[in-house]
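All chains are identified by letter, namely A, B and C, in their written order; residue positions are counted from 1 within each chain.
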Amino acid sequence: MVHENSGQPLLSVEGLITEFRSAEGIVRAVDEVSYQIWPGETLAVVGESGSGKSVTAMSVLGLIPRPPGRIAGGRILFEGRDLLTVTPGEMRAIRGKAISMIFQDPMTSLNPVLTVGFQIAEAMLAHGDMGRTEAAERAVELLRTVGVPNAPERYHQFPHQFSGGMRQRALIAMAIANRPRLVIADEPTTALDVTIQAQVFEALRLAQAETQAAMVLITHDMGLVAELADRVVVMYGGRVVETADVRTLFHAPRHPYTKGLLASLPRMHERSERLNPIPGAPPSLVNRPSGCAFHPRCAHSAGRLPCRTDVPVMREIEAAHWSACHYAEELRQSQERVEA
Amino acid sequence: MTDHGIAAATGDREGLDVKVRSQFRLALGRFVRHRVAMASLVILAAIVIVAFSAEYITPYSFDGMNLRAARLAPTLEGGHLFGTDKLGRDYFTRVLYGARTSIFVALVVALLSTVIGTLIGATAGYFGGWIDDLFMRFTDLVLILPGLALLMILIAFIGEGSPLQIAIILSSLMWTLIARVVRAQVLSMRTREFVEAATLSGASPWRVIWRHMLPNMMGPIIVNATLTVSSAILIESALSFIGFGVKPPTPALGQLISDGRGAMQTQWWLVTFPGLVIIAICLTINFIGDGLRDALDARQAQRN
Amino acid sequence: MTAEARPAPSGSPLLQIDNLVKHYGARGGARKPAIRAVNDISLTLRAGETLGLVGESGCGKSTTGRCIIGLEQPTGGRIVFDGKPVEHGKRAALTAMWRDMQYVFQDPFASLNPLMTVFAILSEPLRLSGMSVAEAQARVAEMMRLVGLAPEHGNRFPHEFSGGQRQRIGIARALALNPKLLILDEPVSALDVSIQAQVINLLEDLQERFGLAYLFIAHDLSVVSHICDRIAVMYLGRIVEIGTREEIFQRPQHPYTQALLSAVPIDDPDLRGKRKRIVLQGDPPSPANPPSGCSFRTRCWKATEVCAGDVPALEPKPHARQAVACHHAGVLTAEPA
């Protein structure tokens, strides 16, 4: 689905800063992160350990435990309202209705002593606008929508009677029950088998088609991004390093980390001698490198001074394509040389 | 492209520039922050030091009679801080020596029963099968036995023994809790990857238990050993109260209480001070145990 | 050095597995065991070769690996390593075997004793095999350099290293006594994506240098396609297809293999919608109660009555060289329902 991203974004994260107090000092897990998502689009937020992608989402949902965490700066505008200024009660009303979430581990997200159907219905009853019977019927409908076979029977079953993939689909059903405008899915397919992932992809696609909700897909799995995303935000070391639409990102990345990440993935249908890993390891946020967080691992930097001292600013390299690299232009030139 | 040498391919330029505080230091920090535990540690240390240096603190011996100073209430005159008993013996001294006996017995019991319990629990947990069944049924048997009665019989058998003998007898019945705890830990550790890896490296079962498993379960062991000290004090005091404790004239706190029971109305200090010392020792040990559990549990839970 | 130039393995197989069976939960004399984790597996592996064992959770691939190395005792079947049968009951025999066959664990955090220094961890197998302290020190330094770690860091503890580095320590430990075969149980699954490639490259380099054979257990087909010469696909305790990398990836014959391959996410957004994905219906059956006959038939679009009868034998079919266990094996032509 290609979107014309015009008008107001549904969600706008602006300069978000989230910190945690730890034994080693204050850790800035999210360091002035900004991104937007428009109605109906699927935005993938990609990153590895320590990138801050999950913490950003938790901050949006108001789920950062304080202490030891705190939001130290920025704004989170949802439909014009700054979520950082709403009361906990208002946040609760928004969470689960206008914004819903799907987490990684379906086992711990479902109450083992209640039937799955009841839990889905309850999600709707909690936000008040329908009666019990109606909620139950809609729950069965939702299970059907996400591809659970024998939905009426399954309604009365308990989580342990569902397989891993089905549990995840039940959670997806729960997440769309109240017709949210935004769904945040945090690693929805990690830890699932490949054939089950396929089922869950389908379920996510169907869910989005049904509700036209915008979806933030937080993942490290580039395959999932290639399958579902419209636009991609790449995070590294607590900051955003690149933002682009999905095709541009895969074919013409303009940040050395994105480039390195895509190049390091083993591709099933390519026969290559050696893989091309990114040397080194993702930074510990306690000891984040000065300047650009990626510079110690960056071949493109070649040790140049600005990379080591100045934090690069996000710049619009081309239309709707942003990169936080001091030398992003050189990447474009070398790419064009290759294509020429 | 650069040298395809193996080291270059993996290029670890980050190295180890993150200095993470060792887990031991973190646990120590947590313990120190537990105020009640720290206060108890200080108090207990004071009691232990005083009890074990009784010779230097008081001029009196524990059985030095002085009939002219008999039945005195606590007074600063003559330095009888805890008063005297019916034979004029300085009570402060007697309580100190009594505390020494009790602490000695309790420490030995904790040590011995930890060793016995660990051996039995680790063997049962590691080898499983009929060995496990055998050892655990034996443990159950010991648990079922009426402890106090059995202790009384054993002690009567040896005719009221020295503190060491009492300690050994107590240990023979008090290892069961540790055995169960260690067994449970060993069972859960058996399938931990680093334990399996040790086996694959050629480690014998004993080496696996000693070098790999036990160090990683020190938390629960220490906590339980601490609790055992506390139980031992109480049991030893109970036994000496009913006359089955250490052989007189070695003083024991329970025995002091028993002796002073008859005169509770008139010479309140005879029962009160030994009792307070028992309570103090038990409470402080329990609080220290709490602090240790808090400090060490987080360490066990945090595996990296 | 290209893949084709890698020395061709030759001679009798290094590892031969015949009809391996592992059941859990059978209580003395019970006719029907509780869980059939491994249900008649036969494999061979030659020196210097990499055999991939792929499948999803519950298929028995990890259990197979553990039975081979001796961490589990098989219920039935025969495993012959380097000409000698593996004697599971005898610790002395196993310890001797572990000098030539070793194991790399999946979880880099759990596979190293948190209270031992890296030096202690790596020198343990050396010292236990009789090496002196001085010799062990030299060898540990060598091992660390081999896997890309600085020997000066030997006196640090595992928690001071990153996940990728810890996995390299695990690999170094496995190589301590110069084994001939390494069983790797999902060695990169728990690592960050950008680190996986580093470790895979390392494994390939080590293989080239030391002529190691690998049994590579994994669920990630992209990784498997890169490093493995031959691949065995497992489903519910059985091998359903086994062949060379080309045969499996270019011309899969078994419906499960086809479904598995089609389920791998695309790596280019331009392919969206272009590739027909087979979405298997239903759930994987429980290993405690497998379907009769072919265990895949409950989710298979080609299933017919004959599939409920005999368990299909794993054998080469006339139109393909690899061995397939399917009554209806064939290249994917018709669109599955």
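The rule is short, and it goes like this: a contact is a pair of C-beta atoms (placed from the backbone, for glycine too) under 8 Å apart; a residue touches a chain by one contact, two chains touch by 3 or more.
The structure displayed is predicted, hence computed values, not measured ones.
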Q | Inter-chain pair with the most contacting C-beta pairs | A | A-C
Q) Based on the averaged CA atom positions, which chain is farthest from subunit A? A) B
Q | Whole-Å gap separating subunit A and subunit B, where each centre is the average of the chain's CA atoms | A | 52
Q | Chain centre separation in whole Å, for subunit C relative to subunit B (CA means) | A | 48
Q | Centroid spacing, where centroids are CA-atom means, of subunit A and subunit C in whole angstrom | A | 32
**Q.** Junction residues of subunit B - those touching two or more other chains
**A.** 4, 9-12, 14, 18, 20
Q) What residues in subunit C touch two or more of the other chains? A) 162, 165, 198, 201
**Q.** Residue numbers of subunit A (touch at least two other chains)
**A.** 274, 277, 279, 281
Q: Spell out the residues on subunit C that touch subunit A in their complex, using ranges where they run on.
A: 2-3, 56-57, 162-165, 192-198, 200-201, 204, 219, 221-223, 225-226, 249, 259-272, 277-284
**Q.** For the subunit C and subunit B complex, residues of the former touching the latter
**A.** 69, 71, 91, 95, 98-99, 102-103, 105-107, 109-115, 124-125, 128-129, 145-150, 153, 156-162, 165, 168, 170, 173, 176, 198-199, 201-202, 205-206, 209
**Q.** Touch list for subunit B against partner subunit C, complex
**A.** 4, 6-12, 14-16, 18-20, 22-23, 192-194, 196-204, 207, 212, 215-216, 303-304
**Q.** subunit C-facing residues of subunit A, complex
**A.** 48-49, 149, 163, 165-166, 193-199, 201-202, 220-227, 229, 246-247, 250, 260-261, 264-269, 271-279, 281-282
